[in-house]
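In what follows, chain A forms one complex with chain B and a second complex with chain C.
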Partner chain A sequence: MKQVNQIKLLAILLVFVLLVSGCASSTSTKNSSSQESNKEGASHPKSGGDLTFALATSPDSLDPARSGLAVAVRAFRTIFDSLVVQAPDNTIKPWLATEWKISNDGKSYTFTLRKDVKFHDGTPFNAAAVKYSFDRINDPKTQAKNAVALLKPYQSSEVIDDYTIKINLATPSASFLSNLSQAMLGIVSPTAAEKYGDQFSKNPVGTGPYKFVSWSENADIVVEKNKDYHWGPANVENKEAPYLDKITFKIIPEEATRIGSVQSGQVLAAETVPPQNIASLKNDSKTQLLKVNTIGLPYTLFFNQRKAPWNDVKVRQAVQLAVDVDSIVKTLYLGTYERSWSPITPGILGYDKSLEGETKANIKKANQILDELGYKKGSDGIRVKDGKPFTLKYVDGTPNREKRNDIAVIVQQQLKKIGIKVEINITKDVATVIYKNADYDLYGNSQVNSDPNALRAIYHTRTPEEEAVFKGLTGGSDPELDQWLEQGTIELDPAKREETYKKVQQKIIKDAWIIPIYVFPYTVAASKTVNGITFDSLGYPLFNDVNIEQ
Partner chain B sequence: MAIVNKILLKILTALVSIFGSLVLVFCIIYLLPGDPVLSMLDPSVATPEMVENLRKELGLDQPFYVQFLDYFMNVLHGDFGQSLVNRDQVLPKILEHFPATLALTLASALVSIIIGVFFGVLSAIYRNKWIDFIARLIGLFGISMPTFWSGILLILIFSVFLNWFPAMGSDGWKTIVLPSLSLGFVGAGLIIRMVRTSMLEVINEPFIVTLRAKGLSERAVMYRHALRNALIPAITIIGLNIGELMAGTVVIETVFSRQGIGRIVADAIMAKDLPVIQGVVFFSAIVFVVINLLVDLSYSIIDPRVRRAN
Partner chain C sequence: MKEVVNTKTVLQVPKWKFARLHTNFSVSNFFIYGAGIIVIFIITCALFPKWLAPYSPTFMDTASTLSAPNSAHWFGTDYFGRDVLSLVIYGSRDSLIIGIASVLIGGLIGGIIGSAAGYFGGIIDVVFMRFIEILMTIPAVLLALAIAAALGPGLFNIVLAVAAASIPGYARVMRGQMISIKKRQYVDASRSIGTHEWKIFLWHLLPNSWSPLLVMATIGLGSSILIGAGLSFLGLGVIKEIPDWGALLSQGRGYLTVGWWICTFPGLAITLLVLSVNIMGDKLRDTFDPKISKKR
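Our next item is the complex of A and B:
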C-alpha cells in the first residue's frame, strides 16, 4: 500500500513536470548572440554578428502607413527607405530619389528615381511603386494613421516614365520634403502590399538595409541583412549592405528588466534608459550610454484658453512666472534631460535661441500680478475672487510616461506658493477628457516632428468643424499667429521661414500660451562591444553602420 | 449513476457561471467611460466621416442588446472578434499565447505547493519553535511582497549580479525559473498558513493518537496520515490559488517580458483594445471555472469519504 501511494505521487509529479515543460515553448535556442559574434577577428568594422536591441513597448504595426507609434518606427526604419533624407543640418539630401525639381508655384515636385533598387521580394522599385505607396496612404480604406497628416497636402502622382514621378500638392508646402524623409512615408512594395492587404503590417516588404524575418507578438521582431543593399542615405557612412547579419528587437516593457538584460549580457542594447540608470551607467565598465535629443515639439504644458480665467494673458503669465521649470527638470531627471524654452526644440529649423534664459521663475512678481487682478489670499492661503477659490485643473494621462505625473505634483506645490489650488486629474482616458470635452486648465503633450510646420496643427485657430471632431490643445486664437503660421507653411525660402517661425515662438512665449518643460532625450544603453549605432535627424536609431567587436 | 448525475450537475453549474461571466465582462466593457472610436483615431487627422464610418464598421452604433446578442452568437461560434489595433482574430491569438501562461501558472503552482506544504508541515510539527517562527515569517513575506517588486529583486540578484538565469524571455526552461519563483512565493504564503492550521487540527484528533499507539514512526504518522487529511482544505486553496496565479501573470509576464495572455491583456489595456480585453477576461473566466470544477472532482480522489457519499 505504501509503495503504491508513493508511485502514485511520483506519477502525479511526473505528469505535472511534463505538463510544465511541454507547455513552455521548448525550442531552447542558444540566443546569446554576443558569443556567436565574438569568434571572428578584430578588424574594423567587421561583418557578421547579431544585434539584440530591446524596445520599451510593443510596436502597433510594421506597416509605415498604418503605424502611429514612435517605437514602431525604430523597428521598421530598418525595412523601409524614403525618397529623400534629412541631414543633421536640416538640409534635404537624395536617397531613393536622386534629384527633384519644384515647380514655380510650389505645388508640384518632379522626382528622378534610382534605377538600381529592388524591393526585398524582387519587385523593381520605380515610379509606379512610389505612386502606389502614396495613393495607398491617401485611400481611406487603408486606414492610415500619422502618415496621412505627414503626406498632406498631397493630391496626386503622375508617372512620367519608369523612373520619373510628378507629385501634385493642393497647396504649396515648405515641410513636404522634410516629411517625405520620415519613415512613415517610406516606400512599400506594391506587390506585397496587394498580396497581404490588412496583414501587410505583419509582412512588411520595403527596400531597406534589412529584410523582415518574423514578428512574434510581445516577444521579438527579427530582421536580417539585405545583401543587395547599396543605396544607403547620406546620414550613414556605410552605403552598402549592413555589417550585421541580423537584428532582433526584443520587447521588454519593464525598465529595470530592460536595463538588467543589458548588464547581464542577455541583450546587447536597450532603449529608453531611466534617468537614475543614466547616472549609474556612466560608471559601468561594460556598458556605454548613447543619448540624442529628439526634435519636434518639446513636452509642453498648454493652457486651455476656452475657460476663464485662462483667456486672460496676465493670469497665464502669473502662472508661467510661478512654475520653476529648472527645479522640475533637475529634481525629476537628475540633470539628464534639458529644459526647453520654446514651443519647438533645438535642432529644428527656425529654433529661436534667444528665448533661452528669458523666462525665469519669479514668485514675487507672480503674486503681484494676481494681487493687481483682484485675487485675494484667504486664510488657507488660497486666493479667492468673486467668492470662488482660485483652482487649476491639471490633467495628465497614464501610464506615467517620463515621470510626467510627477511634474503635475511639483507644479501643484509650486502654484500653492502663489495661492492657486491645483487639482490633479490623472486619467486613462485622455481622448475623452481632453480631445472631446476639453475639461482641463493645464495639460501637457509633446510630438516628434522634423519641421516647424508642426506648430500649425497646435497653435493655428481651429474651425468649429475641426473643434467638433477633436478639441485643439490651446483653445486660443490670434490672427497674427495664424497669418505667420500660414506663411511658414508655404514659404519655400528657408531664411524667410526661420524669421517667421522666430516671431511665432516669441509671441507664444510672450503671451504665455504654454509652459515648455523638457526636451526628450532618446537614450540607448549598449554593451561596449557594439559600435556604430547612429541616429537620424529625428532621433531614431540607424543600424547601417553597426558592427560588433570582441 | 448518482455520481454521473452529480458530475453533470457540476458541469451545468459551471456553464451557468461561464455565461454569467460573459454577461458581466460585456457589461463592464460597455460601461467603461470613454469612446473607443475616438481613442482609435489620431486627433490631428480624423474627420467626422471617419469617426462615423469606423463606428458603423465596428457595430458600435447598434443598441446595447443587439451588440450583446451579436457578441454572444459569435462567441458560440468560437469567434471572439478582432483586435482594434491590428485586426488579429482574438481567439487564435489567445490560444497561441495561452500555453506560455499555463506553463508559468503551473510552474508557479508547483513552487507554491512545494514551499507551502513543506513549511506548513514543519511549522505545525515544530509549533512555537524557531522553525515555526521562520516558516510563518516566510509566509508573511510571500503574502505581503508585491510580485513586481520581488521580480525585479530576483532579476537584480540572479541575472545582473550572479548571471545564473536570464532576466527576460520565454524560450527555454531557464527563463521560467525566476518568474515562477516570484509568482509562486505569493501562493506559498497562503498555503503555509492553511496547511499549518489544518495540520494542527488533525494532529490533535484521536486517530493520530491511535496510530502512535500502534507504534508507527512519527514520520509515517505525519506525512502519510496527518498530511493526507490536512490536505483537503489546502487543495481548495490551491485550486483558487491557480486563479490568483493566472491573474498574477499579467504583472509578472510584463516584468519578465514573457509571452502569454497576461501580457496580451496588459498591452490591450494600454491600447484600449476592447475586444482583446473582453476576450482574454472571458477566456480566463472559463479557465478558472474549469479548474475549480476539476478541484471539486478531485476531492473524491483524495478523500474516500466524499467518494462514498456519492
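Our next item is the complex of A and C:
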C-alpha cells in the first residue's frame, strides 16, 4: 500500500517536472532570433502546392447572395468573379465586363462582357447569366442578405445580345459600380443555382480562380485550382490560372491555437492575429505578418437617440468628451490598430482628414456641461437628476471579438469620472436587444464597405416601415443630414460628392451622434515560405498570386 | 499497518490518502493548520479587501499595462493596467459567495428532499429518488452549464446553477442516513412512549443524520467554487467592474504567451482555496468516521 502511494507521488512529481520544463523550452525558443525579412519577388513563382489558411469563424453560406459575413467573403471570393474590380485608388477597372456606358440620366448601365469565360460546371458566361444572378438577388424568394442592399437601386436587366447587358436603376447611384465589384454581387452559374436551389450555398459554382471541392461545417472548406482561368482582375499580377493546386480554409476559432498552428507549421497562414501576438510574431524568424486596414465604417459607438437624455446633443457631447479613445486604442491594441475619427474610415471617397485630432478627451469640460444641465453628483459620485441616477446601458455582443467587450470595461471606468454609471450588458442575442427592441443607450458596430453611400443606411432618418423591419442604430433624425445623404447617392461628380460627404462627417461628429473608436486592420500571419498573399481594396485576401517555396 | 477500509467511498479524496497513511500525524496536522490559515486569510480578503489590496481594483494604470511582477505590482498588471494582486484580493468575494451560497442552497434543498424520501418512504421515496436519479445521469458541470446558459448571466444565476448541480449528492446521502437512523431502537422507544412524529423527526432523526451532510458540504464547497469559476471562465457570468477569479482567468487566457502572470495568480488562488477547503473537509470526515476515531 505504501509503495503504491509512493508511485503516485512520483507520478505527480513527474507531471510537474514535465509541465515546468514545457514552459521553459517555449520561452527559450520565443526569443531565439529576430530578423525582419521582406523578401519579395522571388522571380520565378513555383506552381503547385497546397495552402492551408486558418479562418477565425465559420462562414454562414458560400452563396454570395445569401451571405452576411465578412469571413464567408474571404472564402467565396476565390470562387466568384465580379463584373468590375475596384483598384486601390478607388477607380473602377474591367473584370468580367470589358467596358460599360452610363446613360445621361445615370439610370442605366450597358456592359460589354468577356466572350471567353466559362463557369466551373461548363456553363458559358454570358448576358443571360448576369441577368439571372442579379434578378435572383432581387427576388424575395431567394432571401438574399447583404447583397440586396448592395444591389439597390437595381430595377431590371435587359439582355441586348449574348455579350451585352443593360441594367436599369430606379434612381441614379454613384456607388453602383463600386458595389458591383464586391464579391457578394459575384456572378453565379445559372445552371448550378437552378439545380441546387437552397443547397447552392453548399455547392457554389462561379467563374473564379478556384473551384469549390468540399465544405465540412465548422471544420474546413476546400477549393482547387481552376485550370481554365485566364481572366484575372486588374488588382492581381497573375491573370492566368493560380499557382496553387488547392486551398484548405481551416476553421480555428481559438485565437491562441490559430496563431500557434502557424508557428508550429500545422497551417501555412492564419487570419486575425490578436494585438498581443503581433509584437511577438515580428521576432519570429519563420513567420511573416501581413496587415491591411479594412475600409468602410470603422468600429463606432452609436447613441440611441430614441431614449432620453440621449436625444439631447449636449449630453452626448459630454460623453464624447469623457471617452478617451486614444487611451482605449493604445491600451487594448498596443499600437497595432489605428484610432478612427470619422464615421467612415480613411481610404473611402470623401474621407475628411481635417477631423483627425479634432476630438480630445476633456473631463473637466464634460463635467461642466453636465453641471449646467442640472445633473448633481450624489454622495457615491453618481449624478442624479429628478431623483433618478444617471445610468448608461452599454450593450455589446459575445464573443469578445476584437476586444470589444474590453472597450466597454474601459468606457465604464472613464464615464465614472463624470458621474455616469455604466451598466454593461453582454448578450448573445444582439438581433433582439438592438435591432428589435432598441434597448440600449450605447452600442458599437462596424461595416466593411467600399463607398461612402454606406452612411445613408445608418444616418438617414428611417421611416416607420423601415423601423418595423429592424431598428436603426442611431434613432436620430436631421433634415439637413438627410438632404446631404440623398445628394451623395445620386451625385455623379466625384469632387462634388466628396464635398457633400465631408459636410456629412463633420455634422455627425459635431452633433456627437457617435464615438468612432478604431479602424480594424485585417491581419494574416503566414509562414515565410508563402509568397504573394495580396488584398483587394476592401481588405479581403486574394490568392491568385500565392505560391509556396519548397 | 492496518488497512483502512472506508465505507463512504463517495467522499473519498484519493489524492490526499498518502498524507494520512503515514503514521506521523504531525505531517497531516501541518497540512490542516496550513489549510486553515489559507482559508481564514482568503475569507479576510473577501470581507475587508480595502485593507489588504494595494490599489483600487478598477484603477487602470494605462502607462504600465502588461508589466511583469515587480516591486510596485507584486503580481504584475493586466492588459488594462490593473493591479493583478488587487484584482485577486477583490475577486475572492464573489468566488467565495458562489461557493458558500450554492452549497447552502444545494445542501438545504438536497437535505429536505433526501430526508423526506428517507423518512416517509413509499411513493414519496420512489418519486423523489427517480427525480434525483435523472439529475444524477447528467454530469454536474454539464448540468450547471445548461442551467446557467438558460438563466442568463448573473451572480445569483451562477449560484443557482451550481446549487442545482449539487442537489443529487446531498439528497442521496441524507436519504441513506434517514433510513438507517429511523429504525434505531431509541427512535422506536421514543415512539412507544407516544412522542409526536414531528418531534421525533426534529429531535431524534435530524440531529443524528446531518453530520455526513456537513462533511459533504465542506468538500462540496471546493468543487462548487471550482464549477462557479468554470462557469464565469466560460463567459456565463456578467461583466462586473470587479471580476471574480474565473472571469480573471478567462480574461488572461488570451495573453498567456505575453503575460503569464494574469492567469497564473488567480489560478493559484483558486487552487489554494479549493485544496485547503478539501483538506479541512478531509479532516472533518476523519473526525466523524467511527473507524478512524476508534483507532486514535
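Going forward, the second predicted complex is superposed on the first by the 507 of 550 C-alpha atoms of A that agree within 3 Å, B and C clash if a C-alpha of one lies under 4 Å from a C-alpha of the other, contacts with A are read in each partner's own complex, and residues count from 1 in each chain.
Criterion: a residue touches a chain if its C-beta (ideal position, glycine included) is under 8 Å from a C-beta of that chain, and two chains touch if they have at least 3 such contacts.
Quick caveat, the model's predicted, so the values are computed rather than measured.
In the superposition on chain A, contact of A:Asn283 is made with neither chain B nor chain C. In the superposed model, A:Asp406 lies in contact with chain C only, and not with chain B. Contact with chain C, but none with chain B, is seen for A:Pro274 once the two complexes are overlaid on the shared chain.
By the touch criterion defined above, A:Thr331 reaches chain C but does not reach chain B.
In the superposed pair of complexes, A:Ile424 makes contact with chain C only, with no contact to chain B. Contacts of A:Gly68 after superposition on the shared chain: chain B is touched, whereas chain C is not.
Looking at the shared chain after the overlay, A:Ala256 reaches both chain B and chain C.
Considering which of chain B and chain C touches more of chain A, the answer is B.
Overlap of the chain B and chain C interfaces on chain A: residues 2, 5, 23, 256, 399.
Considering their complex, residues 33-35, 38-39, 42-48, 50-51, 53, 85-87, 93, 97, 99-100, 102-103, 106-107, 110, 148, 152, 155-156, 159-160, 163, 166-176, 224, 254-257, 259-260, 263-264, 266-267, 270-271 of chain B touch chain A. Every residue of chain A that touches chain C in the complex is listed here, in rising order: 1-2, 5-6, 8-9, 23, 30, 255-256, 274, 276-277, 279-280, 327, 330-332, 334, 398-400, 405-406, 408-410, 412-413, 416, 424, 426. Put simply, chain C touches chain A in their complex at residues 1, 3, 17-18, 21, 58, 60, 62, 65-66, 79-81, 153, 235, 238-239, 241, 251, 253-260. Across the complex, chain A meets chain B through its residues 2, 5, 16-17, 19-21, 23-25, 27-29, 31, 57-58, 60-61, 68, 140, 145-146, 148-149, 198-199, 201-202, 216-219, 250-254, 256-258, 260-261, 263-266, 399, 428-429, 431-432, 435-436, 457, 465, 468-470.
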